[in-house]
Each structure stands twice: as structure tokens, then as C-alpha cells.
Amino acid sequence: MAVLPLLSDEQASAEALAVFNDIRTKRGTDYVNNFWRALAHDPDELKSVWERLQTVMAPGALDPLVKELIYIAASATNGCAYCVHSHTASAKSKGMTPEMHAELLQVVAMASRTNALAVALGVPVDERFEAEPKAKGLERGR
Amino acid sequence: MAVLPLLSDEQASAEALAVFNDIRTKRGTDYVNNFWRALAHDPDELKSVWERLQTVMAPGALDPLVKELIYIAASATNGCAYCVHSHTASAKSKGMTPEMHAELLQVVAMASRTNALAVALGVPVDERFEAEPKAKGLERGR
Amino acid sequence: MAVLPLLSDEQASAEALAVFNDIRTKRGTDYVNNFWRALAHDPDELKSVWERLQTVMAPGALDPLVKELIYIAASATNGCAYCVHSHTASAKSKGMTPEMHAELLQVVAMASRTNALAVALGVPVDERFEAEPKAKGLERGR
Amino acid sequence: MAVLPLLSDEQASAEALAVFNDIRTKRGTDYVNNFWRALAHDPDELKSVWERLQTVMAPGALDPLVKELIYIAASATNGCAYCVHSHTASAKSKGMTPEMHAELLQVVAMASRTNALAVALGVPVDERFEAEPKAKGLERGR
Amino acid sequence: MAVLPLLSDEQASAEALAVFNDIRTKRGTDYVNNFWRALAHDPDELKSVWERLQTVMAPGALDPLVKELIYIAASATNGCAYCVHSHTASAKSKGMTPEMHAELLQVVAMASRTNALAVALGVPVDERFEAEPKAKGLERGR
Amino acid sequence: MAVLPLLSDEQASAEALAVFNDIRTKRGTDYVNNFWRALAHDPDELKSVWERLQTVMAPGALDPLVKELIYIAASATNGCAYCVHSHTASAKSKGMTPEMHAELLQVVAMASRTNALAVALGVPVDERFEAEPKAKGLERGR
């Protein structure tokens, strides 16, 4: 399956190749995975995604492994098979054990179950889960 | 918004009320939130969800706060407003700081962006992200 | 919430009003619900949806109540609050009991749970679940 | 495609194998499909899903075939190819005819069409589709 | 992957074959793609989809290429790999350049990113984005 | 509905306020809509989204109005009510007529209908819709 051919180093533009090489350097591997080779048809988006990804996935208040678990959860519920595969591999490389993987999937399955129930029941949000009234002077929305 | 009326303690069946009271005990609060009061129309599903939820969200290889973050990520990508509100509240009560919340949302946004790109490009899964060939003797699927 | 104002009978075009009146006649009620009043801004789509809906929801190999249950299941998983509300009302008017409603939601919740697991695990489809090889002479797809 | 290898009987833990064998007994077949072999990496979730599935899909106010139709509707709208394949096979084994299958898909297609319209138009839920005001004394939500 | 076998001209019913031939005539090609051959199991839905599709995709206030771009955007966010592939091919045949394709994907990715953020933040709709109050005399919904 | 309070100019950090003011300048209006006031809790993501949005929505191979139509299509299928409202308003301000709006919704509805059918039928992608084989030397994926 492929909407656009994956670009080899030779086929990529100079700007895309620079991103490929930065991926190699930062990840310490010669391998550039298919997502980047497909996205290389648009060097601007390729560069923007790669740069933002590094910022977002860097250590912060959450550590990189927790961020990968969150990434997998979002990707699975968004139905992206590619992303589930690539980020599960990435999470393993950052220390995700089989036990952690199993618990991650249990939570995603539980959330999907209760998400479906809450939508099908049209459950109204409890007042106490709502943020405080916004600052005075702002237009009121619903 | 509500497909079914929320059941008060008086309106709930004995089996549902027992779950309400178990929620109160386990959570150390008198408040039973709307999801449970809507689900109480089906005491069997109510009990099943509540019991499984406790198992799934208990400390294990992942700690309860990380599990809440994963729950929010799945709920947001599933588009469940109720669940986003209730589990954000729950995550805060378990120690989620504003910085952690911000990083969680950054990852969910990043995942949604690349999920859309991977699907729109039909990126094929790299061989190295696939699990090892399955055991001999199993029927071959695709 | 509303992207476009709901059109009253007076505001609707002649073509839209004809559909409103057909809805009244076929349903035996004077009430025209909001979906049709919002869709009335596009009389062509309004007419096309209303006509196809009658064909699709008519008694056939499946009876109308079963079709409403299927409609609710699809609407809940698609995250359409409006449709969940309107088709739950419709199913009730066609005989859906609280017990049937509860079981419907149990199945939708179960499906959402296993759907999430199957996607997160990337489970390959078993050969025996695949249709027979297609007729000779057709281009081979994947 | 596979995030984790499918486990053969020999590779499965004793707890997982017990579930495999229960599936064989209850279904009257020696075949254990891929979903269970992938889920077997987490015997706890495997057991929980299998047990709940039997309860949920058992005859009740809705018969098992209707439940399979609902399962397919949810799986298709959730975008789970595996689940669509496995539950279509299951529905056929429970008596789904080609005519029933065609009507099921017509309803799912119709729902998806109107779901998209209702969301894109932001149609507000009609008061008459809302549940009665909840019991006095409950916190008011929106 | 296939839930139902694709039907060849010989296997299709007379009504389905008539649609196949109309597709050939209108598109000026002998090739009938897999979607129609799978849908041919239900000649009624096949005919309904094909006829509506011609109306919807015809030149109007929007030109056919813009409509294809919109179709791809919806298909990608709905997670339909088949539709992304077939409508990208269709858009190319109508003049979509690589630059237009790249910008389309950038917008879809941007939307998916902000959609996730808006849902996860539960942002209330600004009053000024709401339609004018509906006509007097209509039941008030939320 | 709101997970976090909307921040007024006084409550926003200096970095967030700078983005608010840039929005005002670039859009030629004093009004800053709710999305930005909610996102202001994370000035880094606020700035990143705002900057990328300007690049992505700028005139290019596609004009800004077409980009807004694509944005609405993605937002509706992603189920984001906020985004549907805000981008419909934005498209109108860029010249979207009622006729264009109607046709946009027709295409989104049509796509959602056929997306559901293609997934429920498991239609295999036609060979001719697949990209050419990738360059030699790249790892083979599926």
C-alpha cells in the first residue's frame, strides 16, 4: 500500500536529504523509516514535522517513554496502523516492557469501551469537571 | 444533553446502588459522577465496567497517573468530551501538573498530525516494525 | 450549537417545504426535527437524504427496529451526539425496550474495546475470514 | 501486519491456553482465530475479554444474530478491518443472509452520511429527544 | 483483504452490469475499479451510490478537482485507505499537481492537530460562530 | 464546556499575549477566539500552532478558500464541533457562498457514505492506485 513512492536518498531533494541525515545523526542509526521517505515529497512538511517532533518528544515534565505510550494510545484510537507499529517499536527501544505494553493496551481498551458508552448515553459533563468561569469581559460561548 | 435520565440513589436499583456505594468507599467521596448515574440503567454493565476499571487503573508496571494520561489521550482522539473532562479531573487529583497536561496535549496533537499524514500517504509498515513470523503450524493471514 | 440557523416553514424554499410536509405525512406527526430544518439550506441534499432514508429503513430482510439499532451503533461510534439522540428516540417509538437498549450499548462497548485491541495489536486477518479469490481476469489488488 | 507475534498453543502461557481451550469447547471448533493468539500476550485481558464477550453476545432481549450485526456496524465505523472480517464471518455462521448483509451495510452507509451532515451543520439536539430532567438533588451539568 | 469477493462482469447481476457499463461510458475507460465490484453484491446500493456520486461530484459552485480534494480530506480523516488511494488517483487525473497534493496534506494534518487540541481542551464555541437564533415558534434545543 | 478556563489578556503570559496581539494584527480584528485563549495555557504549543497555521493556510498551489473547505471537511469527519464552527466562519469571511457550503457538505456526506462501505466490504486497493515500486535498495514493507 502506498499513495506515493518512498523516496530513496538519491531521489530525495537536497532539503529532504538533509532531514534524512539529521534523523540518522540524532537517532544513531543509518535507517530512515518509510514515513519520512513518503513525506519527503513535501520537504517543507517533512522538516516541520521532524523539528516539532523532537521538541514534543524531548524529556520534560513527562519522560520520553511516557510520551511514546501516549503516542501509541492516540495512534491506535485514530486507527493508524503505521503509527501503531512504528511507535510501538520506538517505545520498546526506550524501555517499554511487555508488562507495560499490556497495561497500555488495557487502558486504551477500557477508554474505548467507556467512551462509546458515554457518547451513546449522551452523558452531560458534571459541573465540577468544568473549568472555572472565564475571566470577565470575554464573550460568552457554550 | 442526555439520552437517559441520570438516576439518583433513590431511583437506582439495589444492584446499582451497591456500585454507587462502592465507588464512594473506594474513592473516599460522597460524589458519584454522571457517567455512573447514566450507566445505572444497566446494572450489569455498570458493575462490569466499575470492576474492570479498578483492575485496569490499579498500580502495576505503569503507575496510575500515567494510566490516566493514556486514558485522556484515547478519549480525546475518540472524541468523547465527557471522558476528556472526567479523566482530566481525575489526572489532576492524581498529581498531573499544568506542565504535564500541556505536554500530554502536545503529544496527542503531534500524533494526530502524523496519523493523518501516514493514512493520507498510505505509508507501508517497515518490515522491521513487524513482529517475527508466527509459530509454525498457524494458518497464514495477511 | 448551530452552524446554520434552523429554517421554519416560512423560511424554507418550496422544495424544502415539500419535503417537510412529506415527512409530516409519512411519520404522522406535525413535528419536523432539527436535522431536516438545518439541512433545508440545501434542498437537493435534503430531498436525496429523505428519499434514500425511507428506502434504506423500510422493512426488508431486516425489520425497521433492528435497522434503528444498527443506526444507533454507527452513530455512537461515529461520535454524532445529535444522531444518537434522534435515533434512540426513533428506536423507542418502534418498540425498543430498556432491556434491548442496554444490550445494544453493551455490544457497542464490547466492539469498541476489541476494535481498539485489534488495531493496537495489528492483528492480521485470518485466511478463513477472507473472501474466496476473485474471478479470473480481474486485476490483482492487495 | 502484526505488532506482536501470534502465539501458538505451545507458546501460550497455561492461563492463555486454558482460554484457547475454552474457546474451542464453546465454539465447537479446533480453530482459535488470530485475535485471541495476539491477545494471549496478556492472559488477564484475554480472559476478561473472552468472559465478557460470552455474556454480552448471549441470547437476551436481542438475539445473537442481531448482536453480531450491531458488532459489525460498530467495527466498520471504528475502522477496524480485522473486526469487520471476523464478525462478518461470525454473523454468517449465525444465519446472516446476503440480503441481510446488504441491508446492514446500507444502514451503516446512511448513518455515516447523516452523521457527517449533522456534525458539519452543528445541529442542536431537539428538546424532545432529551431525557427528562434528572432527579432533584443531583448536581446540574450541561 | 476482502469481506466479499469482487464480482466480474460475468458474475454480476444484469442490474449491476448495467452500472458497470455506465461507469465505463461516463469515465471513458474499460476499467471498473474494485469498489464497484465489491458493492455489486447489492445492486440497489451500487446504483444509488453511483447516481448520487455523479450529481455530487459534477461541476457546480465548486469545480470537480476541489471536490476531489475535499473527498480525500474526508477519507483520510475517516481512515479509509481504499478511498484515499482511489480518490488521490482520481484527483491526479483531474489535474492535481504534486504541489497541490502536498498542500492538501498539510491542511489535513494541521486540522487533525488542532481538532485534537480543541477536543482535549473542551473549547466552547464562540457566540459569534453560532448561527442567528432560529425562527420564532421552533422548539428550543441545545 | 471547558477543560481549562479561557485566558483573558490579563491572565495570559507575556509570550501568549504576544501571539494574541499578532493574531489581532494579522487578522485585522481585536477579537481573539476561544481556541487561542484555551491553548494559551501552553504558550509553546500556542506559538507553534499559530505560526504553522499561517504557513499552511497561506496562498500557494491552492488558494486560501479551498484550504478552508478542506479544513472543514477534515474537522467534520474528525468530529470537532468547535473547529467546524470556527472554520465555517472563516470560510465565509473568505468568500464561501451558501452554494459552495452546500456542495462541500454534499461531498463530505458522500465520502463518509462510501468510506463506510469500503471499510465494511474490506475492498482491496486496485494495483493501479498503488504507487510505483519504490527505489531499489529500500527495505520492503507491506
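By letter and in written order, the chains are A, B, C, D, E and F; residue numbering begins at 1 in each of them.
In this text, contacts are C-beta pairs under 8 Å (C-beta built on N, C-alpha and C of every residue); 3 or more make two chains touch, one makes a residue touch a chain.
Keep in mind that what you see is a predicted model, and the values were worked out from it rather than measured.
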Problem set entry | Same or different residue numbers at the chain B/chain C copy interface, by half rule | different
Exercise. Does A-F or E-F have the larger number of C-beta pairs in contact?
Worked result: E-F
Problem set entry | chain C and chain E: spacing of chain centres that average the CA atoms, whole Å | 17
Seminar exercise, completed: The distance between the C-alpha centres of chain A and chain D, rounded to whole Å, is 26
For this session: Can you tell me which residues of chain A touch two or more of the remaining chains?
Result: 1-4, 6, 31, 34, 44-45, 49, 52, 74, 76-81, 84-85, 88, 102, 105-106, 108-117, 119-122, 124-126, 128, 130-131, 139, 141-142
Problem set entry | chain B residues touching chain E - in the complex, by the definition given at the top | 1, 72, 76-77, 79, 81, 84-85, 105, 108-117, 119-122, 142
Exercise. Which chain B residues qualify as touching chain A in the complex?
Worked result: 1-4, 6, 31, 33-35, 38-39, 45, 49, 52-53, 56-57, 60-62, 66-67, 69-71, 73-83, 85-89, 97, 99-100, 102-104, 106-108, 110-126, 128-130
Exercise. Taking the complex as given, what residues does chain F use to touch chain A?
Worked result: 1-8, 10-11, 31, 34, 37, 44, 48, 52, 55, 125, 130-139, 141-142
Seminar exercise, completed: So, in the complex, the side of chain C touching chain B is made of residues 79, 81, 84-85, 88, 98, 101-102, 105-106, 109, 116, 122, 124-128, 130, 142
Problem set entry | Of all residues in chain B, those that touch chain C in their complex | 1, 3, 41-42, 44-45, 49, 74, 78-80, 125, 131, 139-142
